[in-house]
Amino acid sequence: MRKCSLSAINSIFEEIAKNTMLFLPVDNKDGKAEYKKWQEGFLLSEKLNTVKSPKEFLFPQTENLMEFKTSGKNIEIIDTRTAKEDFVVFGVRACDAKAFDILDKVFLTEPRDSYYASCREHGTIITLACNKPSETCFCSAFGIDPANPMGDVSAWKTENEMFFEANTEKGEKFIELIKNLTEKTDNKEVKKQKEKISNIMKKLPLANLSTEKFGGGKTKELFDAPEWAELSSTCLGCGTCTFVCPTCQCYDIKDFNTGKGVIRFRCWDSCMYSNFTLMAHGNNRNSQKERFRQRFMHKLVYFPENNDGTFGCVGCGRCLSRCPISMNIVKVMKKLGGKTND
Amino acid sequence: MTNKYSVEEIIKRSGANPLKCMKCGKCSATCPAYDEMEYHPHQFVSMIADGDIEALVKSDSIYRCLSCFACVERCPRGVEPAKLIEALKLEVIRKKGQNYLTPNDIPNMLNEDLPQQAIVSAFRKYTK
Amino acid sequence: MQRIGVFVCWCGSNIAGTVDVKAVAEALKFEPGVVHSTDYQYMCSQAGQNLIKDAIKEHNLTGIVVCSCSPRMHEATFRKTAQSAGINPYMVEIANIREQCSWVHKDMAIGTEKAIILGKAAVAKVNLNAPLTPGESPVTKRALVIGGGIAGIQTALDIADAGFEVDIVEKKPTIGGKMAQLDKTFPTLDCAACILTPKMVDVAQHEKIRIFSYSEVESVKGFVGNFNVTIKKHARYVKEDLCTGCGACVEKCPQKKVANEFNLNMDNRHAIYIPFAQAVPKVATIDPSACTMLKTGKCGVCSKICAAGAIDYTQKDEYIEEKYGAIVVATGFNPISLEKFDEYAYSQSKDVITSLEFERLTNAAGPTAGKLLRPSDGKHPHKIVFVQCVGSRCSAGAEKGKEYCSKICCMYTAKHAMLVRDKYPDTEVYVFYIDVRTPGKNFDEFYRRAVEEYGVHYIKGMVGKVTPEGEVLKVQGSDLINNKQINIDADLVVLAAAIEPDKSARPLATKLTASMDTNDFFTEAHPKLRPVESPTAGVFLSGACQGPKDIPETVSQAGAAAAKVIGLLAKDKLLGNPCVARSNELLCNGCSNCEKVCPYGAITYIDKDFRMPDRTTRTRRIAQVNPAVCQGCGACTVTCPSGAMDLNGFTNGQIMAEVDAICK
Amino acid sequence: MQITEHKPLIVAFCCNWCSYAGADLAGNNRLNYPADVKIIRVPCSCRVNPMFVLRAFQKGADGVIICGCHPGDCHYTSGNYYARRRMAMLFSMLDYLGIERERTRVEWVSAAEGAKFSATMNDFVEKVTKLGKNKRLEDLRCKK
Amino acid sequence: MQKITTDALVQKAVELLNNNTVSYVLGWKKGEFDYDITPYVFKDEKTLKEEFIYSDFCGVNLSKYLVAKTKELAGKILVFLKPCDTYSFNQLLTEHRFNREKVYAIGIPCEGMLDIDKIKLNLEGISSIVETKEGVKVNTLDDKTIELEKQAILLEKCKNCKSKKHYAYDELLGEEGDVLDNNRFDEVAKLESMTAEERFEFWQSQLSKCIRCNACRDACPACTCEKCVFDNPNSGIENKSPANSFEEKLFHIIRAFHVAGRCTDCGECSRACPQNIPLHLLNRKFIKDINEHYGEFQAGLEVGQRGPLVSYTTEDVEPSDVFNKGE
């Protein structure tokens, strides 16, 4: 474990940025936190988390896949990929770091998504423990400890210092990079900080949210639950929850005719949309109830079923604060979780 | 002292538009002071519209208008001749640097049949 | 996928002089869908057209692009060519490489490059073209004429003489309109009744014409060729089929003090009345607001006197539904109310009258039996002042009066002045005028005769004030020529009041979805080229409802409207323009915004049941375009936010494909 | 170093009855205007959807002009009045978003105004050329 | 003005439910916290009494739900409308989007709704929010209390409230208010007075935040198309994500244009936007232009109004003259 004083943090950023791109949460004009490419003068945000999740670094909202060109009656396929640069994302919270693992399960299992993989390979994730979890946090329900964030390097902030510990090979390299700006230390301070955090965690209003009724194998019990109708009855069908979600990974592949050729690209899609996975015969989920159910069943049942019990939600709370009508996974879990099976 | 009068300025000040005139003559048909005038209401309008106001400026006709606004009321085209003449009169009085009526002139004009209000209003009208 | 043939025309050297036509044909060969591309000296010639026809057969073409002159020139030609070779005429698109390319650019390289781009745009469009077939609709061979004045009468007679059935709806108890009230007509001074009443009789006797008098149009549904009209027949409390028009009831009716509107309230009539001797239909009508029997249930004199037993106090308003192929609006005009013109003392003095009142005063059938007598005291007037342009030619937005020239006043005033001088040479006649407008055959000659032969005093100027003083009317006016104000002690003042469309026109226009201008005159489909048609297909305009008109003009427009109607009714089926709007009912949400911008009333709404993907049925309001009425402007397509409205031949997709091709 | 002047691309939407005929007349009278102007025929100026205008800019147009019958002369009686409101609103919005005003225009050209059509296009091309490339409303994917 | 209580509304709703005037109640339901209130269709007295709420966080405009709910549900629906919601209600009726017969509308007073985002700018970790006379008292998870003034934490749409008057209802609860003087066009005017470069910079930075979640569209009571052009692959402009700055602009320009003349300025777009883009400034620009050039127009004032973009006068301003201001 290494540490530096908070006043030295800027020089660390400077050091990182010398070699690679560095992204970190900074406060924007709206007073919210947002991941931005570090420049001289940028300060690490004090906010708990960003509005948009850092999944964009691995899985951008729009990503070009290839291009076609036609000349006469011939079609030429062009791989437009260019060499990826290394980058560092600093200050990722435990929940978002866990979300990367979930994305990995989707994109890195066979068939491997080479676009995602390339981003993943070039990125170093430096997480930061949450000193002040908020009322919308429920990561603990999914076994995430905000005091012990994962990633390539874990970091803790105390009143005056910042602590770093490498978790991976990439992390070691990073520690090596900032070696001269930090000093070796024991984990006493960090331990104290972790205790503080877990005390807050116990007091959170959503601390006791239970996942007991969910998980693999629960499809039968939950799919036809009558509660879905009322839960979804006022859902607007917008994509806010999916687009701020760190784990939502659905995308659509589309073509754009530039007049000089065709660009094939993928972009985020939302299962809340009426044209999601639209097929020639129409749509397989026709009502907002079905679409709404899909989203939550996926996160709470189907995903764990296919991924050794790992839930597709990390409890970051973004959907809780961003949904225009304040409907969210917590309300769904409470409503369905309170149901007795007979 | 310049003796150039800006017709544009007069028209602008009056708020009226002499080009709307269709030369029907209803203003002159209506005017109660017609016989007192050398130039008549329809001529006022026409002269101002043509920018040919030298003769009008020199004429006493502009002071003969009673501002009864009958012509304004009756004009089918909404030309408002009285407003034009009012604006011209004001311009003349200002330019000449002298009022058409001074307090000293008033006693000679007093007439038992004349309502006092008319004198006050005339004084106001012919004075800067 | 289309199989497109491209045909590049040289137009001699017109195109080939500035555009490398071979290069254009070569370049377009590789566009998507193109299977054949060639060039020729004169594509519009017989040989050129044959070249296209042969290529269609040889290459199995489904779409044609002709790079040539403007489509306004030869689009129709090439469509026919395509059709004769068996492909839908709307599969042809023209790239205008002459007027909009070779003729405006000088450089061969630039011209060629642009021609290729224009060609590509046309190819891109044809790729999305679909065969279009004009819609057909049947035609009900009957016309409705609304208004029974001279305009309506003439239109009805002309249509009926061509062998089609015509119904006239007239809101008054008799047809005849304003012309029936007139005395003489300019410029020939025929007696109005002498030339009008025979036509009225013709109408009454024509086997193809029905008259619905004392009736109004209640509602209009349908569209060109297929209107469904409900006519409301007001109860006249007299059975039309029994009444012989003998007039015995009128004579005996005890209620004699009802203002006689036919004589503009200058005398009285009875509660049961026939407006005038030659009325058609000559049937009595009971005025329910005046009849004692209808008001109190006591009287019944007319019923007792009527030998035919035609009186029926229990009659109710009747509604008649009828189908029509065409509708002619002939609702005519009225003089405006002069109540607001205080300066002329119209409301103060009985001796200040309107020109129409003057007509009745000089009419032999009028209240004075044709003797010119002052309404106030019945004395013969010796000095008469006529004032023109009363309420006409006022400024826009004026509180009183109209902005337009009423057109007929100059001539009838000359007529009045002349008639007075002719009958009563001892009478002095003055006419105050702003301009004397006499464009018309023999019109100016007529006016000059009034001045030169009859000694009417025309004064260039206007009357400012009329003051009744004892028996005389003090008229103060201006004489602009002599630059003086003049005063005349007149015995009678006649005001040439402006005319305005009949008040019934505005609600009627709404029922017909026909458009009106701000003065409530009906608008024409085109002010110059289609002056007797309204923009609403199947609705035609006759007479003063379209704008101020004198009798000869009214009659000629009435004939023109009739000709248009005959042309329409002569068809068994109407072929539409297939480039019309269509509504995608799956996208339409029935918001009604397209309906609001449609100038033709072509869009209506229905409630339709839809089976939803979740297997429920839902009723939705959706728009429907009537292809027989739509003219294809496309206003609705842009108003529709969901893109449910699209325009055949110019679809969103086609236009965007052209944009894409041009911007490539 | 050689500086080549930016050649603008202008899309002109012309109504079939007046402006397209006006453009034809310009051709008949050989009244030149730059070849940068490409005309798309629409039945009426009211057929022009804001989507088309934006599409043209997206695909690389530097200026878009809409030509219709003079107010009061619309073949369909009222189409150009609707177009006038719509385009006034759309262009005002583009201006509000900081897009150069000179890139958009509405012009009334009758079938008799070949000279006006030509003069309008010459003027419009000149103004748009001066503005240079359309940077503020471009889709870079279409500019390769 | 006496503040209307949740109890009063519940009492009314229960009464109408029990006497069979209505079968459903469209209202607001309590959330996990004091601020996360969800629109909800209540069906019974018990749920109403337990979960209905009307508080300072009921910003959601319920009008739009009537489009779907009147078709979906068989019985009559009671809906609670705040003054600004009544404009949307009328506009939807003008466009025949739901059957008035199936709705029982109750107008309720509103004193401005609060923006939880603005509260959270001041603090994180809320345990409870208590309404006070001047604003709110926020208790935090670390047992602190912060008082905030109402004016500072109002929703963007409530900051420049245009009216406290209801334009549609079957019944009114509480006192009727008035149309208010407001400065809602000030920000538009400020932008207009900037140079084109500045305006471009402003909107570029705002619209680049867009994630195309469609919340603005889906919350908008004027966006009730059966299928939005942006969702329709046949429309030619369908897209799902803003691939670049052009597509960001395309979506928002077209959306604003589609609701121009129909937008009641209810402000739901800006409220719904997770990225805090001031979308109402686009709609207000159109409203301001319409007011200036075609005469004052407020959509939703009455049912059956003819909108400014579906009407015209022969004297309308020329598009080139619309620019002749500012700069």
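The letters A, B, C, D and E name the chains in turn, as written, and every chain counts its residues from 1.
Please note the rule applied: a residue touches a chain if its C-beta (ideal position, glycine included) is under 8 Å from a C-beta of that chain, and two chains touch if they have at least 3 such contacts.
These numbers were taken from a predicted model, which means no experiment stands behind them.
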Third chains touching both chain E and chain C: A, D
Most remote chain, CA-based centroid, reference being chain E: B
Farthest-lying chain, centroid of Cα atoms versus that of chain D: B
Pair joined by the larger number of C-beta contacts - D-E, B-C: D-E
Euclidean distance of C-alpha centroids - chain C vs chain D, Å: 35
Chain B and chain D: spacing of chain centres that average the CA atoms, whole Å: 51
Intercentroid distance (Cα basis), chain E paired with chain B, Å: 58
Averaged-CA centre spacing for the pair chain D and chain A, given as whole angstrom: 46
For chain A, residues contacting two or more additional chains: 256, 259-260
Per-residue overlap in chain E, given as positions that touch at least 2 other chains: 227, 229, 232, 236, 243, 309-310
Multi-partner residues of chain D (each touching 2 or more other chains): 50-51, 55, 59-60, 78, 82, 86, 139, 141-142
Pairwise chain contacts, counting only pairs that touch as defined: A-C, A-D, A-E, B-C, C-D, C-E, D-E
Parts of chain D lying in touch with chain C, wherever the complex brings them together: 9, 11, 16, 20-21, 23-28, 30-33, 35, 38-44, 46-52, 55-56, 59-61, 75-79, 82, 86, 118, 142
In the complex, chain E residues that touch chain C: 71, 94-97, 224-229, 232, 234-236, 258-259, 306-307, 309-311
Residues of chain A that touch chain D when the two form their complex: 256, 258-261, 263
Contact set on chain D toward chain A in their complex: 59-60, 139, 141-142, 144
Contact set on chain E toward chain D in their complex: 188, 191-192, 196-204, 229, 236-237, 243-244, 246-247, 249-250, 253-254, 256-257, 260, 282, 285-286, 289-290, 293-294, 308-310, 312-314, 316-320, 322-323
